[in-house]
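Letters A, B, C and D mark the chains in the order given here, with residues in each chain numbered from 1 onward.
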Amino acid sequence: MQSLTKQCLSIIKTRPQESHKGTFGRTVLVGGNAQFGGAIMMSTEACVNAGSGLTTVVTDSKNHQALHARMPEAMTVDWQDKEVCDAVLASADVILMGPGLGEDEKSRELLTYVLQEQTEDQLLVIDGSAITLVAQNNEQLPYPKQTIFTPHQMEWQRLSGIKIADQTEEMNQAIQQKLEATIVLKSHRTEIYSNTGCFYNPLGNPGMATGGTGDTLAGIIAGFLAQFPHSVDTINAAVYLHSYIADQIAHDNYVVLPTKISQALPYWMKKFEI
Amino acid sequence: MQSLTKQCLSIIKTRPQESHKGTFGRTVLVGGNAQFGGAIMMSTEACVNAGSGLTTVVTDSKNHQALHARMPEAMTVDWQDKEVCDAVLASADVILMGPGLGEDEKSRELLTYVLQEQTEDQLLVIDGSAITLVAQNNEQLPYPKQTIFTPHQMEWQRLSGIKIADQTEEMNQAIQQKLEATIVLKSHRTEIYSNTGCFYNPLGNPGMATGGTGDTLAGIIAGFLAQFPHSVDTINAAVYLHSYIADQIAHDNYVVLPTKISQALPYWMKKFEI
Amino acid sequence: MQSLTKQCLSIIKTRPQESHKGTFGRTVLVGGNAQFGGAIMMSTEACVNAGSGLTTVVTDSKNHQALHARMPEAMTVDWQDKEVCDAVLASADVILMGPGLGEDEKSRELLTYVLQEQTEDQLLVIDGSAITLVAQNNEQLPYPKQTIFTPHQMEWQRLSGIKIADQTEEMNQAIQQKLEATIVLKSHRTEIYSNTGCFYNPLGNPGMATGGTGDTLAGIIAGFLAQFPHSVDTINAAVYLHSYIADQIAHDNYVVLPTKISQALPYWMKKFEI
Amino acid sequence: MQSLTKQCLSIIKTRPQESHKGTFGRTVLVGGNAQFGGAIMMSTEACVNAGSGLTTVVTDSKNHQALHARMPEAMTVDWQDKEVCDAVLASADVILMGPGLGEDEKSRELLTYVLQEQTEDQLLVIDGSAITLVAQNNEQLPYPKQTIFTPHQMEWQRLSGIKIADQTEEMNQAIQQKLEATIVLKSHRTEIYSNTGCFYNPLGNPGMATGGTGDTLAGIIAGFLAQFPHSVDTINAAVYLHSYIADQIAHDNYVVLPTKISQALPYWMKKFEI
């Protein structure tokens, strides 16, 4: 298992002069029920600040106004509006499914729907309660190699069947190879298991142990995949930068509010641009 | 009665490296009717910035969008949704009841409900109109030693029966000992009466005399109790730090907006971390 | 007509140590229909930052969430809820009526209602469309000496009957003496006509010529009257400080957004505190 | 085709001392359906910060609260409320039509309605989906010389019939002369085609390739036309300053959030004021 270093940020290349919104990808975020609207808002704030060309949020209509108030740069779609959802999902380069999705019947339906709609050109990041739903319903992934799971340890237990105490590198890797999906296993030292290698993130701090840190990471991963190569390198960079920025904030802050990480993304991406 | 000093902030310890959201507690805030939604928002902003691991707000659904727009880090629950409320309250380490709760029939029901749901492992902070409701209805506390009241002088009169003019240290202490709950008696020099001693806060300034200062203090107390020891020391630290930060802000500001205190919490907690 | 100088800010006294929210007054703002919600929000932002002890906004329920999202320090009341309105108005030290009120039937009703409710201890600031409504309906003021009108020149024409071209000091003063109310006549050099003298404000800049500047001034006047003496001196200080801050902002800004004036109030009030 | 230089900003003149809101124009923005509310919010934020005297937004009522929460300086009108829309449009100096308008039946109706209402004294900026609607329905412009289109290349293809690959200066100019309207053709180097000359903007950077950049430019154009001369010089200045500010932000930011451009307008307009 290889430790990530600053070197992994070298995927953040100077953007080509002749470019437009489409150059940097279309990201669709699906999540945010009536109770957990904040989660999808934090993912959105992360995704837009991470540089996704166009960001659309499929969420309960209850969340649209707060989303717009915080982040007018993102578009909103009512997840009841199947016709618009179809069109929006079809246009996506990357889909992030799960932040604040919940675990009820509607959530389940949405998960099944997104899995059906995913095409072979699209990446799918599965986060939060969507991971639990995949595990509970034993959902089959249409394109496992294009799928990224971002579980914390308990969600990984549900998905992999490995109890937290038994989540060793070997066990995790074995299940990853069966799943074929990429696994971003979040803990105080996050590990990435992929078809092309295993990595761990040496950064991070306990000020990040607050609600929304994971939603923010998921948003950065999605935003990075929208504009950078579809490889584990891009996921590694997202994981590393998320913690790197949090460590900078933690120099002066006992708690690291997730939205502060998002707001600092443009600055730090510029610093590391090559 | 012992004066608090900076020393009381020594409960703000460096967080353990191996930690996660659960390590720093689950706080549930109950309040915010249709008129007083701002109060629970200010408590929430304080609680999240104070470092509560997970913060959930049980409030009128009318307040959810403004809450998310200000503070996506907190989750929201409609207080009409009994099933979700049950689950959320059961998971709480600390419950804060009262900011913007109001005093109508619905408020009364909610208070009774929370008192019924409280378990022996949970702390309960009772603030604002919930104090008046306890007094009016002569509510019995299920776990008085785990209960903290945060009255201003008029609310304390209602709860203790002691008129403001007669609220001497001796009188207050006598009633506190009968109640067994901890009392944070707010005035321009806040006093804390507990089963293990009485304290007064030498800090604070008249710029704090504006709506929301108390709601913010209640949120800090709840957030501190979620992550620090369940003792009067933690309450003292919350009271002291709230005023300490307000005094810093007052150097340059005639009025101290409560939300500015909350926003400065991560910075000052880091400064005092030991 | 006397020119205001910095000297007029000397009403901003150091607050007494032993004080509480009530010490600095209760302000009730009435306005903000479905179209003009932003106006009452800007008045509220000004009033809270100006130091009103408690601020309550009586407005269309449509505006409550945006108000809370911007300014949780203020309480909200649905103007359809007569019972709560009654209680809130009865508790007021100062009432500000008009920002974003509109001119329809409901607005007219509200104006009549507020004029009926005003008590001899309360000041009433009448701004914006409420001035036009008073003029149109020839409303009788219950307590003219406790009433402050804040018209721009066209509104003053409607109220006074003096055409803009004829609004000389003498003409204005003559009508003011008939009305007995205080007149804050807004223009690029605002004039104040009162029972105890006439003043003009030498400050101000054309960057202030944008929607919301007047709503903000009205909020500062109300917030100042809530905590400082009920005299023209306090109104003069509000007018002067509003322009003084705007002039500071204009050093670096072509346009002076009204909300920036409000946000700078605590800082500049501290600077001028004596 | 002439390259724009800093010189083009010389239309930003020191404002006359004796002025009021009306001096700097009334801008009415029409757009923002249920899905694309963020677009019209970003145009509004740009327009107000650019110095429009009064800004009113005709939009789906769903968007009013988020608009007020971000920008209370703007007024809102429900686009279903024909009576108020009539009055508001009649009072406009400049109308901006299109950001987030959508392309459904309601959008089409609104476009037709606005084209009918436009008077010979009003400028009309047509942006986003409104351009597509004009093309699809072959709408006749009542006052082509007072109309400004702000298409990106695909929208220009729809409007002009020239395929992106064939959009040469000569072809574009030929169609512009037939249309008689001014064309702001957005790409990584925006070009302006007008009845009095063709210009291109040498500024801009790939960090601007994110959703909302065009909505922001449209808002600045509208706000500039409201207060500065009704000529292509004013449009040129808007285009140039939008990119100039974005280039400043890009020194320290990998992505340039459109709302940051808007927030920096008052500062940079002051710098360039002559």
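Operating definition for what follows: contacts are C-beta pairs under 8 Å (C-beta built on N, C-alpha and C of every residue); 3 or more make two chains touch, one makes a residue touch a chain.
Only a predicted model underlies this, so the values are computations on that prediction, with no experimental measurement involved.
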Most widely separated chain from chain B, with each centre as the mean of CA atoms: D
Homomeric contact chain A-chain B: same or different residue positions, threshold half: different
Superposition of chain A upon chain D: rotation angle, C-alpha, nearest 5 degrees: 90
Chain centre separation (chain A, chain B; CA means) in Å: 34
Distance between the centres, which are taken as Cα means, of chain C and chain A, whole angstrom: 48
Residues of chain B touching at least two other chains: 65-66, 69
Contact set on chain D toward chain C in their complex: 12, 15-21, 23-24, 48-55, 61, 64-69, 71-78, 84, 265-267, 269-270, 273
Chain A contact footprint on chain D (complex, rising order): 34-39, 41-42, 45, 62-63, 65-66, 69-70, 152, 187-188, 205-207, 209-213, 250-259
